[in-house]
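You will see subunit A twice below: alongside subunit B first, and alongside subunit C after that.
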Partner chain A sequence: MKLLKNLLKSPMFVIGALLFLSTLLIALLGPVFYKVTMERVGAQYGAPTAQFLLGLDDLGRDYVSLLLRGLRSSLFVGLLAGVIATTIGTLVGIYGGFRGGVVDDVLNMLTNLFVVIPSFVVLILISASFKEGRSLTLIGVIIGMTTWTWSARAVRAQSAALKSKDHISLAKLNGDSTLRVLLVHILPYIFSYVFMVFILQVSSGILSEAAISMIGLGPLDTVSLGTILNQAKNTGALGDGIWWAFIPATVVITLLVFALYLINTSMEGVFNPRLRK
Partner chain B sequence: MLKQYPTIRFILMRAGWYFMTFLVAVTINFYLPRLGKNNPVDIIMGKAGSGLSSEDARQKEEKYLQEFGLVKVKDGEIVRNAEGKPVMASKLEQFGNYIKMCFMGDLGTSFQTYPKKVLDVIKEAVPWTIALQLPTILFGWIVGNVLGALAAYRRGVFDKVFFPFALILSAFPFFVFGMLLVYIFAVLFPWFPAMGGYATNLEIAPSLAFLSSAAYHYILPFFSIFLILAGGQAIGMRSMGIYELGTDYIRYAKSLGLKEGKVLMYLFRNAMLPQITGLALSLGTMIGGALITEMIFSYPGLGMAMLTAIQNSDYPMIQGCTLIITVSVLIANFTVDILIGFLDPRVKAGLQMGKGA
Partner chain C sequence: MQNDILFEAKNCACKFGHGKKVVKAVDDVTFDIKDGEIVSLVGGSGCGKSVLAKMMLGLHHPTSGAFTYKGEPITDYQVHWREVQAVFQDPFSCFNQFFTIRSQLKSAFGIYKEKPSNFEMEDRVDQALLAVNVKPSEVEGKYPFELSGGQMQRMLLARIFVLRPKVLIADEPTSMVDACVRANILDYLMKLKEELSMTIVFITHDIGLAYYVSDRLFIMHKGKIIEQGAPDDVTQRPKSEHTVQLLEDIPEIHKEWIKR
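Entry: the complex of A and B
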């Protein structure tokens, strides 16, 4: 609680959190107040009007609708990838660091291996092999499974440092199972680190989805902020200066990532008091 | 073994580790694209097979099957079953072929530009990518770190203006920033070209016209990567610098009355190490991001080659590009690793005790 109090004192955190919450609210409640339609409602790249505030896309669809849908997709894919990556990474890191020995060596080697093999490349290879049925969920799962290494590294160091503390020895003497020690006696101490990496994972998930969609390997079942940008580039809207085809989407994605980035940076400041002055 | 030469031992051990990583990467590179049901020969026959008689089509198909290593081959002839149909090679045999070809420097044949070799297409693209990425990443890293250290040391007004600016810059995704630069400086104000690596009416030659055109096309992609990178590095260096400033050794050095420059040197040296490690960790992301920037600017490098390949389902080409990217990330990481070995006193001390690292 003291931590939260300190965080709320940081204007950076408050701005970041408010920004993120409002995008979340818009994504969830927007479609309640605004009639979202994926139907053709006018001419190709129709200019913004009072009815369609952000104009129409290549297929004559309303950009406000597309953005609401895209924002929802991006948040979904980011959170899914973040949860998967953080769960795998935390389990691997906390267990390896606590156990030590051969298990730790093997897990650590595996982690280091996947740190240097670019996850972007793995993402391209898998997405390219799924020509049909490449869904948003699949992409989120792949991103999560290729980016867990950051969490694992961050958590492992903390877990290894904690394992020889007195309260852990006490818990072991008490006959607690390894799982209980890990979850009850280690996890709470490193929770702040886990959360900080989770925030980073969410933002990297959002960016990875947008990047993979930009190169034409995005989800086939829905609209995302990345597929909107891909369309703008492919149809030449960027070169023709049709600003409503890409400026709103880039603004939304940048705000989303910036909010998460502010949250992360401000937390770093709170945990490292020297940065606060 | 090699105990008396700890440095060589260290380098050899790292090289061995990276070689192992390379093998894993090649395996991933081979198996992942085969997850889906994509028979490359079906794709290429769909393109080349129309209008041929059935006999010609069959011959052509067998030629392709052999060329892409999908059938068993003995003494240069396709192995056939009792009905005269070619016997397909198992995944494991295909993998063996693939590894053998990789080590012989043969990355296969492109579908799209058949019969052009993948390696030849990559050879044309790689110089552009290196020319764009190497200076951008190095320069961005250096400028970012120097500015970050200054901001940490000076604080005050410089920091108050610089920090939020760097924060905003570093939060921009590569492709967003690239698109905005194109829109502002090539479309709204047509000062710079929006796409390409040189004017299309010019031949690639060491002529003044070509070089100046290439330099002109270089500016926007360069800045779109450089600014974001420098911003991110500056933020990291600033945090590290502020952290180091509070440590005892800096206080001690200051209380000794050492010159400001000398203290800054100590500070920079210690704060720099995590930054180099950070560089190693994020190289893959940086190179990936820069590749997307290439696509936005239609820059004639690897990113563009890969984009074209993806659009045409040109699997050998996609695999060739991903392999080259992985290998360059591995080489870059290896270089940084060795560099840390020489710069970090702790690793160096470990080496001199003969423990390795």
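Entry: the complex of A and C
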């Protein structure tokens, strides 16, 4: 509770959290108040009107509808990738750091291997190999599986620092199993780091999806913010000066990631007393 | 029972690191600890006394030499920790900040194969708290950061009263508390020895303090036990230069008492 109070004192956190919560609310409740339709409702790249505030796309579909759907997809893919990456990274990091020795060496080697393999290239290769059935979920899973190394590194360092603390020795003397030591005596101490890393993983997931979709390897089953940009790129909307084809989607992605970065940065200030004023 | 040997170390060593960076924290030590005695391990910072303590607990393993408890090498730690327990120097770092003191005292029962009934566990925690002069209501619902250093050190001792082990390894339990609490802690250690006939390994840098509480003194320096014997022998007729140094470092008033 005290932590939440401290966080709420930070304007950066409040702005970030409000921004993120409002995008979340828009994505979830938007379709309730606004009639989302994926049907053709007018001419190709129809300009914004009072009825269709952000104009129409290449196929004559309403951009507000597309953005609502896309925002939902981006949030889904970001959270999915974030959960997967943070879970794998935390498991690898917390166990490796705690065990040390050969186990740690092997896990560290594995982590470093994934660090040096450019994850975006892997993402492109895997996405490209799926000619059919490339779903949003699949993209989220691939992003999660290729970007967990940050979490692993951050968590490993924390876990290794904690393992020689007295309360861990005492937990062992209480007969606690390794699993219990990790979950009860280490995880709570590093939870703030894990949460911060999770936020970063979510934002990187959103950006990765947008990037992979932009180059045409995005999900085939739904609209995402990236696929909107991809369409704008493919149809030459950028060159023709049709701003409503790319600016709204770009702004939404930017705001989303910006909100997450604000949350992350403000949390660092609150969790790390040295950065507190 | 008095002369049964509990711990026996023969040429034990514990090294850290590899190659040129190797550090011999404990270097070729040989000693035994008998049932029911209080042995003090005395030495300056970094002399290896804490590592030796952790070896006795089975938290560190000897890299060479033979180390036995009741004549057997320590293999099953769950069994070992039912008999050998510890208190550490910094009580705040010993408790998990996220759980109440009481729940953590209770979790000490985890070491038993079969836990006693909930009623008995609660009762033993209450008794243990009373043994260190703390009313159970004083710590009810309290977290470690809500208590003072002296209270926390007593909580560590209460944990020992809960578990009633055969051997207690006390790693500098008095170095972070004020003089008044220190006297209390020593009283509780004596109580543990007398009432529960516990064997105590008392680790300290203060040879004056060790002199009062121990049956035997082990002086450690640079990972080796350089001298061992009865407190009077070691303090009156020190054989090594380092022991002389330790004795000289005692404040004057202490020395007056020792001479008496």
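As a working rule, the second predicted complex is superposed on the first by the 272 of 277 C-alpha atoms of A that agree within 3 Å, B and C clash if a C-alpha of one lies under 4 Å from a C-alpha of the other, contacts with A are read in each partner's own complex, and residues count from 1 in each chain.
Operating definition for what follows: contacts are C-beta pairs under 8 Å (C-beta built on N, C-alpha and C of every residue); 3 or more make two chains touch, one makes a residue touch a chain.
Bear in mind the structure is a predicted one, so any value in this text is a computation, not a measurement.
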item	value
Combined model on subunit A where subunit B meets subunit C, clash or fit	fit
Partner chain(s) touched by A:217 [first = subunit B, second = subunit C, both, neither]	first
More subunit A residues in contact [subunit B versus subunit C]	B
Following superposition on chain A: angle at subunit A, subunit B versus subunit C, Cα, nearest 10°	100
Subunit B versus subunit C as contact partner of A:233, first or second or both or neither	first
A:129 touches, of subunit B and subunit C: first, second, both or neither?	first
Which superposed partner A:184 touches (first subunit B, second subunit C, both, neither)	second
First (subunit B), second (subunit C), both or neither touched by A:169	second
Which of subunit B and subunit C A:195 touches, first, second, both or neither	neither
Nearest Cα pair across subunit B and subunit C, whole Å	7
Where subunit A meets both subunit C and subunit B, residue numbers	none
Touching residues on subunit A, where the partner in the complex is subunit C	165-167, 169-176, 184-185, 188-189
Subunit A contact footprint on subunit C (complex, rising order)	54, 57, 59, 77-78, 81, 85-86, 88-90, 93-99, 107-108, 110-112, 159
List of subunit B residues in touch with subunit A within their complex	18, 20-21, 24-25, 28-29, 32-36, 38, 167-168, 170-176, 179-180, 182-183, 187-188, 194-195, 235, 239, 242-243, 245-246, 281, 284-285, 287-289, 291-292, 295-296, 306-307, 310-311, 313, 315, 318-319, 322, 325-326, 329-330, 333
Interfacial residue positions of subunit A with respect to subunit B in the complex	113, 115-122, 124-126, 128-132, 207, 210-211, 214-217, 229, 232-233, 238-241, 243, 246-247, 250, 253-254, 257-258, 261-262, 265, 268, 272, 274-275
